[in-house]
Amino acid sequence: MKLPKFEPTEAILSGETADVYFPRTIEILRHESLDPVATMEVFTSRAGTLCGMEEVRALLARVLPEDNHEVWALAEGETMDRKEVVLRITAPYQSYGVYETAIVGILAHCSGWATAARECVEAARGIPVISFGARHVHPSVVGVMDYSAIVGGCAGCSSIAGGRLAGIEPSGTMPHALIIIMGDTAKATIAFDKYMPPEVPRVSLVDTFKDEAEESLLVAQALGDKLNGVRLDTPGERGSVTTDLVKEVRARLDMVGFTKVRIFVSGGLDLERIRHFIESGAPVDGLGVGSYISGAKPIDFTADLHEVEGKPIAKRGRIPGITPNPRLKRIM
Amino acid sequence: MKLPKFEPTEAILSGETADVYFPRTIEILRHESLDPVATMEVFTSRAGTLCGMEEVRALLARVLPEDNHEVWALAEGETMDRKEVVLRITAPYQSYGVYETAIVGILAHCSGWATAARECVEAARGIPVISFGARHVHPSVVGVMDYSAIVGGCAGCSSIAGGRLAGIEPSGTMPHALIIIMGDTAKATIAFDKYMPPEVPRVSLVDTFKDEAEESLLVAQALGDKLNGVRLDTPGERGSVTTDLVKEVRARLDMVGFTKVRIFVSGGLDLERIRHFIESGAPVDGLGVGSYISGAKPIDFTADLHEVEGKPIAKRGRIPGITPNPRLKRIM
Amino acid sequence: MKLPKFEPTEAILSGETADVYFPRTIEILRHESLDPVATMEVFTSRAGTLCGMEEVRALLARVLPEDNHEVWALAEGETMDRKEVVLRITAPYQSYGVYETAIVGILAHCSGWATAARECVEAARGIPVISFGARHVHPSVVGVMDYSAIVGGCAGCSSIAGGRLAGIEPSGTMPHALIIIMGDTAKATIAFDKYMPPEVPRVSLVDTFKDEAEESLLVAQALGDKLNGVRLDTPGERGSVTTDLVKEVRARLDMVGFTKVRIFVSGGLDLERIRHFIESGAPVDGLGVGSYISGAKPIDFTADLHEVEGKPIAKRGRIPGITPNPRLKRIM
Amino acid sequence: MKLPKFEPTEAILSGETADVYFPRTIEILRHESLDPVATMEVFTSRAGTLCGMEEVRALLARVLPEDNHEVWALAEGETMDRKEVVLRITAPYQSYGVYETAIVGILAHCSGWATAARECVEAARGIPVISFGARHVHPSVVGVMDYSAIVGGCAGCSSIAGGRLAGIEPSGTMPHALIIIMGDTAKATIAFDKYMPPEVPRVSLVDTFKDEAEESLLVAQALGDKLNGVRLDTPGERGSVTTDLVKEVRARLDMVGFTKVRIFVSGGLDLERIRHFIESGAPVDGLGVGSYISGAKPIDFTADLHEVEGKPIAKRGRIPGITPNPRLKRIM
Amino acid sequence: MKLPKFEPTEAILSGETADVYFPRTIEILRHESLDPVATMEVFTSRAGTLCGMEEVRALLARVLPEDNHEVWALAEGETMDRKEVVLRITAPYQSYGVYETAIVGILAHCSGWATAARECVEAARGIPVISFGARHVHPSVVGVMDYSAIVGGCAGCSSIAGGRLAGIEPSGTMPHALIIIMGDTAKATIAFDKYMPPEVPRVSLVDTFKDEAEESLLVAQALGDKLNGVRLDTPGERGSVTTDLVKEVRARLDMVGFTKVRIFVSGGLDLERIRHFIESGAPVDGLGVGSYISGAKPIDFTADLHEVEGKPIAKRGRIPGITPNPRLKRIM
Amino acid sequence: MKLPKFEPTEAILSGETADVYFPRTIEILRHESLDPVATMEVFTSRAGTLCGMEEVRALLARVLPEDNHEVWALAEGETMDRKEVVLRITAPYQSYGVYETAIVGILAHCSGWATAARECVEAARGIPVISFGARHVHPSVVGVMDYSAIVGGCAGCSSIAGGRLAGIEPSGTMPHALIIIMGDTAKATIAFDKYMPPEVPRVSLVDTFKDEAEESLLVAQALGDKLNGVRLDTPGERGSVTTDLVKEVRARLDMVGFTKVRIFVSGGLDLERIRHFIESGAPVDGLGVGSYISGAKPIDFTADLHEVEGKPIAKRGRIPGITPNPRLKRIM
């Protein structure tokens, strides 16, 4: 994956998204003519996968003075330990102090998503995981959420914005709405095949009107060799997708020769359910994960000043001076 | 609280934040010349406080055809039951189908925040709760997050963006960084008082260098009657703020006559800790809550078609036709 | 319900089903010419519904001497407390001693079934419960098992033997085997209707080949007003029957006018699942319970001598002499 | 152990113990002149020890047509996995369809007992386990229950019927009733010795009137070298048999030279208590287990048609066609 | 109960039992000529029954200066709340500072015992509880332990030292050793009756050689109307005393006319077992409690200076100045 | 550690601390002229560290007849198993019978303390543990309690009496009272240094008035190289001592060159907290443990006669005759 080029928004640069006490602090320091070179360290509250550092770098590149700065950090996607320092900025405080809220906020939210995604990917033991959670977060963060999921190891994502940031094509089959409006799953699948460009895989959603196994056979017969896969998304009202259902659909497809049609599963997948599918040996070809990733709790980060004008200092509860961490690389 | 005027962004209007299968669906329907009037219902996966409906309305106002539509909904901030329908849209499907991802995403994220905020507010039994979680979410949603917290009942928030949306002044004391750079809590408090406009309450942060009780007395003596309050934010490394600490600071302030100085508490507050403070009778005057609100899990919403051209229909697992809900009001 | 006429088998009367030490004891006593009038009391190890007493009475009627006996007991179907004496026999010991194993065995097994049945009936709060457990016990006890379930409050049972003992018609729809052999649910239902006598209710099993809701509509359309009900028996591999499925089938049947078709549910029902159906308000018209009743653990009973020739006596751990219990009635 | 010759009863052969819908199905199929060769597979709901297969074979031998059949099965006493197919019948459906209830009922009940017995035998690590549960089940199944316990590994059983089926002598000491009627344990033991044939082991029950240790010494002194063992059966009212009691009785017997008198324990033994006895090193020579074995929950079995006239078929939730299982042997 | 006259030992008065830093502190203060009037408050770490205050008062009476002192306290045996101040001493610090260890130690240990005793007494709902724990504590505290149990509500105690302090006769039956040496329970009981003064109740221990019920009848027959009671103390190796044993002994005694012989129970009694006896309705006439009382964890007390020379002061974590408690009475 | 010379008190020798039934037993035996040589064995109710045996030996040395006795025992401080015999006395019963209460009481209380101490010492993995619990027990047992803690492995104790028994100097820093009376921690530390003999380590208590880190630096600067250590004893009201606090104090001391100043921790330490400190790698130099050791539940011991005049005998529940234990050594 190629790292994207982030561009900080005007709202962030203007300080509008900051906690109000930061702009006030800068104002006071200006009145007092205080602008010492200060070293801020950022550490994490729990272990996980670091994400958001690229966006933070793009922000710092816009605000730090040209010469007088030094920034050390872990790289996007690296694992991090609890309480590990992941970022260290040394520069005149007035240049970056107002961005503390934005910096730790970006890291918190993105690392939360990436960490949850990696848990799913590890639980899936090689079966591709697709991020399907765009519908559970505010559209303003759909892009960074899906990008973070990709950083965490997902093989794809459903949103166009996420695909663009991550530099990949978004993935998706078809919604129930299409089938309901066309009134028939096979008909909708044929229309999909007719109008979609050839590079879009033909995957049909097979739980809308009839039994999943029955509908799988119907769309396979309708589309023949062009059918790439079926997606099972049985609602909780019908007991959700079970491992036995996957096995049965596989067997019934194979029996009539559709051994190449792949089976994708979605609907309420979390770590426990993913592990259950993997351990039961259900022949799944892909897993669509929604709110387990997109609703992951952000990982809180803390920022502290540890040196002012080269002198170790810290608030109570922290140890003054630079915290050694040989894993950090100088990035600016 | 006056409801804000939301303005959908270009990214949302263009469909870029949508799941890719929705733009594809619209494309297929256009090829098939299918644009039936369809009724979509949105229901929630768990009980809580509804938020985001104003932003959804602003979006629909931009995309629905002028005449041929009907929208029914619960109002911003209302409580909602598990599985209750909160929104019902009837209009030509091509006009709004591509926005399903955005609509349920806005409701999910905002309702998650508002619901968590209301839990805190109820646990606090009248003690004001301030949203301090801007630093734990991506800056792109800082504003809507703090706005949702206010909808849920918070008395204030720390971000400028959130304050603007909610139509209130943001709240904040001072960061540890100001005190560390000025090297002394009393000195920083005096500077704060000197340069801040008179309407900003003088609240000092008293756990940076010395024992909280000692530092409280020092800033009270430095600022005299002008001191509005102190904020206790003892880090976990020092055992966090305890109820006994609050009682002791209150007693020591009172002993020397500072009975009007208020005490604010922040740092790792969740429902259990808030209840503990309230039940122990600790004399707290305000509670700053961070990641319990900002990191609240979004409340998943589900959107389903229930009628097409006036005929009841639904996918398996749902009941065809309009779901009666007398609490809905027509909003468009 | 009219109490049945039980007839002890030759195997029981011959002592062949007894613990071997009882025939041996009788042999020793005969050699010693000891045949005192002895009083045996039988008490239960836990609370429940007494069942089997009619069968025990039939046995005693065959073996006790004509004059010299007295038998007191609780009645079939009465509730009993833990450690309560439910049966007291006074007669020459040689006449009944060898039947101790059979007497407590009958009471243990039958009371276990009746008690489990009553739990289900109480959990179902008025919805009829049918005993469907014949397939989970040895055919030698199918009859007494279903009879005990009826004593416990079940409205019906599936076995012919049970129905005969309880004096009712056995209940049943059709097996999956009929549908599979006929190859189509509607066809099987029509054949059922064609050949079954008019008093057998027309209830179709609707989960064999297609989605339950779909198949329900198909059989309703095929049989019209003659259809009495449908039975949902979704296997665990498909998530079992859910409360939402029942609601949806009800709604879809009602929508096309089949409001009189009843819905029966079976498959893995236990107390927890019965309560879940009742509390969720699912419109169920009957519940078929299998192994929760038929596999109920027998309730152990203990038999002790408390008087010999009118003198109180007892082994260690028991209190010598007659145990007062005003609830006992003289039955022989 | 030599396998017994089972003989199906008239009640089973007549279909009277069947679920009523099976006779009805046969009636419908006859009217429709449908009698296809069908393959039924039977699988188990949980792992355990298979039992009842001999009785099932005896039943099939009576009902299947002479030529047109094939039966594959696991053998009596084999272990089976969860969901493993243990029996496969291919024959004209009308010949065996009505016996589905009986076939799965026999396997369910017998396998439940055998599985519980094997658990006890394994927990006892070589100490013989005797089935003492006849008094906790209906006399109609006493024989098959004790037979199943022997299949599961028990060294003996108390019922005459069970002993006959398993081809062994039933085991037993003497009941409390004998001692109470004779009024003295030593006297009863002497009478037992006087009248019982020489092959019956002289085992005395030593908890009726006096302390167990005291009574053990009394019967040992009364019978001398002829005493084979004592049985401890202390009731729960006196704290049940403890491991220390066994050790003490052993020590007191040894002290006066009765080192060959064996000690048997019974009363409320389950897996936990058996393990406790074994792990504590209590010198037990035999364990009598009652309701843990006889009250074991039956293991549900499921029967499904998988082929009709050679064509794979199955209801929803099952996979059509023969399920491969190389462990099956052809038995008919 | 009349309060005893305590007399502090030389070891306490000399400071030898103190934490070494208190004598050192006094030495430093003497060198510095510092002897301010200081107020020390003592509070408890958990709720319970206060005990030891009389002994503390006796100590203070020996060491405080004649005039210049004031002592406020709760009374012996009063209930106290968690964190409640139970003692307040105002006097020149050098006069009492060295005794802090002794003061809080006396209160801690005695209140621990009294609190546990009261729990037993409350659980026993009117049945007398006797403290039998002397054998589980060091003989140096046997007296104060049993005294504290009496303060907590016990009706008696077994130690002579405890009886003396509490001003009552010690209670006791006879040890197993007497019976073993005399070789026979009845014989030992007759000897006891022969040599003991008439005011000692004749209570026999009935579990040494034979079954408890048997031995109870033997001693009752041996002593006739002179027998006051029997004590059941069945060891754990025999299943401990059960509620059914008590009922049976009662019944067997009553059957032969010994309705006035009382039944005392001991052996491993704790709150749970006491409640079990009471709730089961076992006819117990007295309960002997050992290590539940004598092994009770001491209740930690904390002593703090709150005023020095009339000025409020306190260490961090405490509130300076006198803590109001209207329940305190001036005792010196 | 050299074993101390214990001297039984008059109260013990006179039998005043005994259960009253022992003096009564001796009186009866004297009247009956019964004084057989009897063997008493003492065993423990749970595994642990044996302590008190030296004191028991001193008692027996005073009371046993010169010639006619034999005493076997485990040694002070040895580990013992559950139910292991730790002491066996053979002598005329009248000479020692009355001391049963004292013997088992001494062993119970002392072994309880020693066992808890050893648990702490093992949890501390080499970091010295000091017994600080004198303030939680009655002063009459302060000495034996601290002695037992030393036997269990503690490196020191705070009480003078405990130190004397164990033959070591008592340990201690200074109480909060000294600091409060002198009004300043540094001042108190200087006074301590001025007046204490040189062999007393200079350890200052640093949580009285200011933040612990701040106060540590103040006393280090005040006393310079003479400062041996600081003790952190943060009260629960301030969150107790945390591992991070220890790390921070260490870092801040090191930063200004006080690398030799040691850090001691006390306050509510139990096994869990000790392990937490050790596992977190906090640089602790000593741990002061209070009520976990001093409030340890005594380990009950049981004494039984097993031989009278050379003949095996025992009460029910025990095995007559000498219990073999090759670990016992003859000590008298």
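All chains are identified by letter, namely A, B, C, D, E and F, in their written order; residue positions are counted from 1 within each chain.
Following the convention adopted for this analysis, contacts are C-beta pairs under 8 Å (C-beta built on N, C-alpha and C of every residue); 3 or more make two chains touch, one makes a residue touch a chain.
All values derive from a computational prediction rather than experimental measurement.
Farthest from subunit F in terms of Cα centroid separation is C. Residue numbering at the subunit B/subunit C interface overlaps only partly, since under half of the positions present are found in both copies. Chain centres here are Cα means. That of subunit A falls 58 Å from that of subunit D.
Mean C-alpha position of subunit A lies 65 Å from that of subunit E. Distance between chain centres (mean CA atoms), subunit E to subunit F: 22 Å. Residue numbers of subunit F whose C-beta contacts span two or more other chains: 209-211, 234, 236-238, 244, 248, 316-318. The set of touching chain pairs reads A-B, A-C, A-D, A-F, B-C, B-E, B-F, C-D, C-E, D-E, D-F, E-F, using the touch definition from the header. The touching residues of subunit A, counted against subunit D in their complex, run 211, 213, 244, 247-248, 251-252, 255.
Put simply, subunit D touches subunit E in their complex at residues 209-211, 214, 234, 236-240, 242, 244-245, 248. Contact residues of subunit D toward subunit A in the complex are 312, 316-321.
Here subunit F touches subunit E in the complex through residues 9, 11-12, 15-25, 27-29, 31-32, 34, 36, 38, 40, 52, 93, 97, 100-102, 104-106, 108-110, 112, 132, 134-144, 158-161, 163-164, 170-183, 188, 191-192, 194-196, 200, 207-210, 234-238, 290-291, 294-295, 297-298, 300-301, 304-305, 308, 313-318, going by the rule given at the top.
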